[in-house]
Every structure is written in C-alpha cells, then in structure tokens.
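The chains carry the letters A, B and C, assigned in the order they are written, with residues numbered from 1 in each.
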Amino acid sequence: MIHPSAIVSPKAKLGANVKIGPFSIVHDNVDIGDNTVIESHCEIGYPSALAGDRPLVIGANTLIRSHSIFYAGSTFGERLMTGHRVTVREGTVAGVNLQLGTLCDLQGDCTIGDYVRFHSNVHIGKMSKVGNFVWIFPYVVLTNDPHPPSSVLQGCEIGDFAAVATMTVVLPGVKVGAHSLVAAHSMVGKDVAPSTVVGGAPAKYLCDTVKIKLKDGTDRPAYPWTTHFRRGYPDSVTAGWDAPAE
Amino acid sequence: MIHPSAIVSPKAKLGANVKIGPFSIVHDNVDIGDNTVIESHCEIGYPSALAGDRPLVIGANTLIRSHSIFYAGSTFGERLMTGHRVTVREGTVAGVNLQLGTLCDLQGDCTIGDYVRFHSNVHIGKMSKVGNFVWIFPYVVLTNDPHPPSSVLQGCEIGDFAAVATMTVVLPGVKVGAHSLVAAHSMVGKDVAPSTVVGGAPAKYLCDTVKIKLKDGTDRPAYPWTTHFRRGYPDSVTAGWDAPAE
Amino acid sequence: MIHPSAIVSPKAKLGANVKIGPFSIVHDNVDIGDNTVIESHCEIGYPSALAGDRPLVIGANTLIRSHSIFYAGSTFGERLMTGHRVTVREGTVAGVNLQLGTLCDLQGDCTIGDYVRFHSNVHIGKMSKVGNFVWIFPYVVLTNDPHPPSSVLQGCEIGDFAAVATMTVVLPGVKVGAHSLVAAHSMVGKDVAPSTVVGGAPAKYLCDTVKIKLKDGTDRPAYPWTTHFRRGYPDSVTAGWDAPAE
C-alpha cells in the first residue's frame, strides 16, 4: 500500500489499509487513521519549531489529494477530504468530514467545526474560528491583524451554516453570524447578523436571507440552504434538517 | 523520452516524440499528441468518477509545465501551453493554443475557444463559456452559483477578444461582450455591452473601449487591442486583424 | 547532503553544506550559497529563453521550502526564506533576507530591497520596484499593463516600510509612499503619500498612519510599525529603529 518511491518514516503511525502514493514523504510525528489515502507528491507531518512535539493526527477514511503539505501539530476528524496542493500549518484543529479545496492555505492556530467546506484557494488566518456546516468560497481571506504588521492577532468567527462568497475579505475580529450569506467581492468590517445577507466594501446589510429566491423554477426560499442542498452530507446528519417549503 | 523516474501507464496513448519529465505520473486514460512535453512532477489523466470513461485528450505540440494536474475527461486542441501547478478538472473542452498561467484552476464542464490566454491564478467555474482570443488576468473568478451553496449552476459567458482584468469576479450567468474590457478589482453583476469598458463593484459602464488611448507615445486607441498586440499569435491568424490606426 | 532521489546537474555550483531534498531538480545554471537548504519537490534554475545565459544566484544561508520553482536569471541576497510552492521567474533582483510566503508568484524583471516580507499568494508583476522593509499581504497584485493586453509595462513602486494589506490591486505605475498603509481589499489608482492610510476602490486618503492606535491595550500609535514589531529582523537592523512611544 506504500508506493516504493514514497519515503515514509519508520516512526510514523499508520492505521490499517493506509495508502501512500508515489513521491510522497511522511515524516516522523504523524498518526494516520485507517483506510486513509495519501496521494502522490505530498509531504505529511512537516516538522517545525512551532509544532514542537505535537503530532499530526488525521482521522480514518481520509483522502489527501496530490501535492498537499500538512505540518505536524494539527488534528483532523474522520473523513477529511482535500483537493490538490493544500497547505495546512501547525495548530489547526478540525472536526469530521472537512473538505479543503485545491490550493487552500490554512495558516494554523485555528479551529474548524464539523462538515465544513472550503472551496479552492481559501486563506484562513491564524486564530480563526469556523463553526459547523460552514461554506467558504475561492479567494476568501479570514484576516487577523488589525494593523499589519503587528503581533496583535484578532481572529474572525464564522457561524454555523454561514456562507462566505468568493473574493471576500473578513477583517480581524469580525463575527459572521449563523446562517448568514456574505456576497461575493465584499470587505466585511463589522459583525454580520444571523440569517442576513451583506455585501459590498465595506459590506452592508442587504436583506434577510429568506428573501433570496431559489433559481430552480420553484421560487421557494434559497435559505436556509439546508432545505434544498444536501450533496455530500450523510443521511444521519441531513435527517434533522428542514424539509423544503411546499 | 520518458524519464526513468516517471510512472507511465502502459495503457496511455502517447504520440511520436512525447517527453515525460522526472517524477511525473501518466494514468491510463490519456491520449497525448505528437511532440508534446510533460515536465516534472505532473499528474496527467487523474482518474475520477466524474470523468467516467472519458479520456484526457491533449493535442500535438503541447507544453505542460511542472507540477500540473490534469484530470481525465477533458479535451485540448494543439499547442496548449501551461505554466506551473495548473489544475484542470473533468469536462473542459478547449480549442487550439490555449495558454494557462501558473496556478490556474479550471473546475471543468466548461468550453474555451481558440487562442485564449489565462494569466496566473485564474479560476474558471463550471459551466463557463469562454470565446476566442479572450484574455483573463490573475485572480479573476468566473462564478456559477447564484445562491451558494446550491445545485443551480449558471455559467458566465466571455465574448471573443474580451479582456477581464485582475481581481475581478463575474457573477453567475453574466455575459461579457466581445471586445469589451472589465477593469481591475471589479464585481460584474450584469451583462457588459460589446466594445465597452466597465469597472467597479458593482461594475458600471465607464466608456467605450475606443476612448482608451495607448500609452506608448502615439496616443492611438488601445482597443481593439488586435491593432497593436500580436505577440504569441501565428501570422496566419493576425494577418486578418486590423492594421493600427495611422 | 544531496538526497539520492534528487537530480542535480554536475554543472550547478553548490556552496559548502548545501542540502537538496528528495525529488528535487537542480538545473545547470545555478550558483547556490553556503549552508542553503533546498527542500523536496523543487525545481531550481529552470532554464528559459528569457533567462538566456544569466544564472540563478542564491545567497548563503537560504531556505527554499518544498515544491518551489525558481527560474534561471535571478539574484537573491543572503538568507532568503520561502514558503512552499513559490514561483520566481527571470530577472528578479532581490536584497538580503527576503521572505516569500507560500504560493507567491514573482513574474520577474523586478527589483526588491532588503528585509522584505511577502505573505502567502502575493503576485508581483514585471517592472515592480519594491523598497526595503516592505510588507505585502495575501492576494495582493502589483500590476503593470495600463490597457491589457499590451506591450506597455508601467511597474509599481512600493516605498520603504510600506504595508499593503490583503486583496489589494495596485494599478500600473502607481507609487505607494514610504511608511504608508494600504487597507485591505483596495484598488490603488493613484500615488499614496508617505505615512498615510488609504483604502477603498478606488483607494482614497483615510488618515495619517500616526492616527492608527495599537490594539494591545496601550493605545500608542501603531505606525511606524517599527516601534512595536521587530520579529524576524536581526538586532543589528532594529537597533536603529525608534523606541516605542512611552
């Protein structure tokens, strides 16, 4: 299951049925769960001073696609799934079934809930707190430094089920409320109320999310999105979600 | 022509004089044209459920630079040229002499015309339709979901010879007209008329493209850009373009 | 010190104690200083027509992290330090102790001073001139073409100690003054006066930098940032900086 060209430390802890692809490197301080696949050209458990003795812990049934780099010192629940060329630094603590798109860049020292989806090329600054079932789209940046450069770090908070659309910056310390939507190309400088839509630079209140209509011909509300979008979530989770409005 | 460290499936169809660089992987379902160069650390024909049985077809005389990843299920005309770390997913159908800059991310299920140039780090959402001779600059995103997350996909259309400048988002379903220019850092929420300049967030009409003067000391019109910029196009194509204004 | 899987040209000039990681490639025309570490999956001295005979010169005590690509034809002072997947093209001339974050994309033909820090995913267009002690944050683009596509290149200039915050575009030919701050998500279309804060799209004067208070409980000025932030600079340099206001 380990490709002959891969370089795997004898100190690495690999669960049952773990596969390691060609030209990948697995360092000492890692603990990889059963049935996990690490594809080609990856570097797993990259050692660093900031990680110290903390291992990289990856839950079972994970898929890490090619060219990805994970530092030591982070923890992921089961069923992590990544795109290609993901970078994850020290101190990231994530729940189950996180999806990280191609080119995502997690700076570490952050917490991420369960069933979160980051699309391609999302940048998560240190000290960010991301809730459960959150969606973040390409080229979104969660910042942390109110007056760069400095050593003052104020992480953002993204509430459960919130969606942050592409090319948006969330300023340091801002809280994006649960079930809210931040429109594309926004600069969010103050807290976003739950179940509201904001947009612009600086982002302003546009409407309540319930006002957005689903463009599938039915004209029913598009939010909460859990009423119509369930792809990729297990039935055990979506069973508790609202049925679509009739 | 195949580096000894490369891993090439015996099922892959390679044309005459194809070169495969060190540490690259070529999967089963690919058909690569004559005289094509695949550099180092690439992954070509990445298999996926979405690709199904569709092969990756790459035209002759192509150059794929190092660290690039192409999924199965896409088709490219002759003389494709890429930068490094390009990602191309299933269902991309492109014409001849496409240029993809470093870090471009094509999500698949899109069509791209002939002689298109994407600069670095362009993100093309599914269902996009890109015409011929289009230019798209770094960190531009062509979106597709009018109320993310959902399963409703409304692709953008970019007309022939249009140029979309850096850090611009084009919203779902928007049509950018032929020979138009979208200014940098714009958010395009409605259709752009042909041969006009739009900019801002939301993008508004600024002027007709003919009003932009070329800053080369001549003060002649900068658009249509075909009157002054021909680098990288074959003479057989540019012979039909307008001569510069006297 | 050279991993057996690495491919290193016998023509490459390597200083004392240079380390080359697994699956990395070092081409002919490079001159690498003493004690430098090139990690895994890198490509160093990529040959190109634009580089011509110019070598890639990397100063001593450098760290190039994994998956990075440096073209021939550039020069770096001592103690260069990069993140992962950096791309640097021909004609880049940089001073000492440059830091390039993960995914930075330097297009070449640019000059960069001493002790400059680029965070992740910074895009530096050709003809840019970056001063000393500059900070540039993620997804910033320094542009150069006033009417794309064209062959007219007007590089930006970023003054000493300036900070350009995330997701900002600097338009061609614009000069950002010394000790200034460009706020996040800005589009800078005209010159920025020294020691001022600008923001927005288009960016406008917001205040003098001295008006920004440091959010560390002291309420002292956050700028010049040299009064409170010295991490990563040698004592020999910071000894000359202002002490914090009492």
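In the analysis below, contacts are C-beta pairs under 8 Å (C-beta built on N, C-alpha and C of every residue); 3 or more make two chains touch, one makes a residue touch a chain.
Bear in mind that the values here come from a model prediction, so they are computed numbers and not experimental data.
At the interface between chain A and chain C, under half of the residue numbers involved are used by both copies, so each side presents largely different positions.
Put simply, chain A has to spin 120° for its C-alpha atoms to lie on chain B, with the angle rounded to a multiple of 5. Per-chain Cα centroids separate chain A from chain C by 27 Å. For chain A, the set of residues that touch two or more other chains comprises 5, 23, 41, 67, 85, 103, 121, 139, 167, 201. Put simply, chain B touches chain C in their complex at residues 5, 22-23, 40-41, 66-67, 83-85, 102-103, 117, 120-121, 135, 137-139, 163, 165-167, 181, 184-185, 200-201, 212, 214-216, 222-223, 225, 228-229, 231.
Chain contact summary for the complex, chain A toward chain C: residues 5, 7, 23, 25, 41, 43, 46, 67, 69, 85, 87, 103, 105, 107, 121, 123, 139, 141, 143, 146-152, 154, 167, 169, 171, 187, 201.
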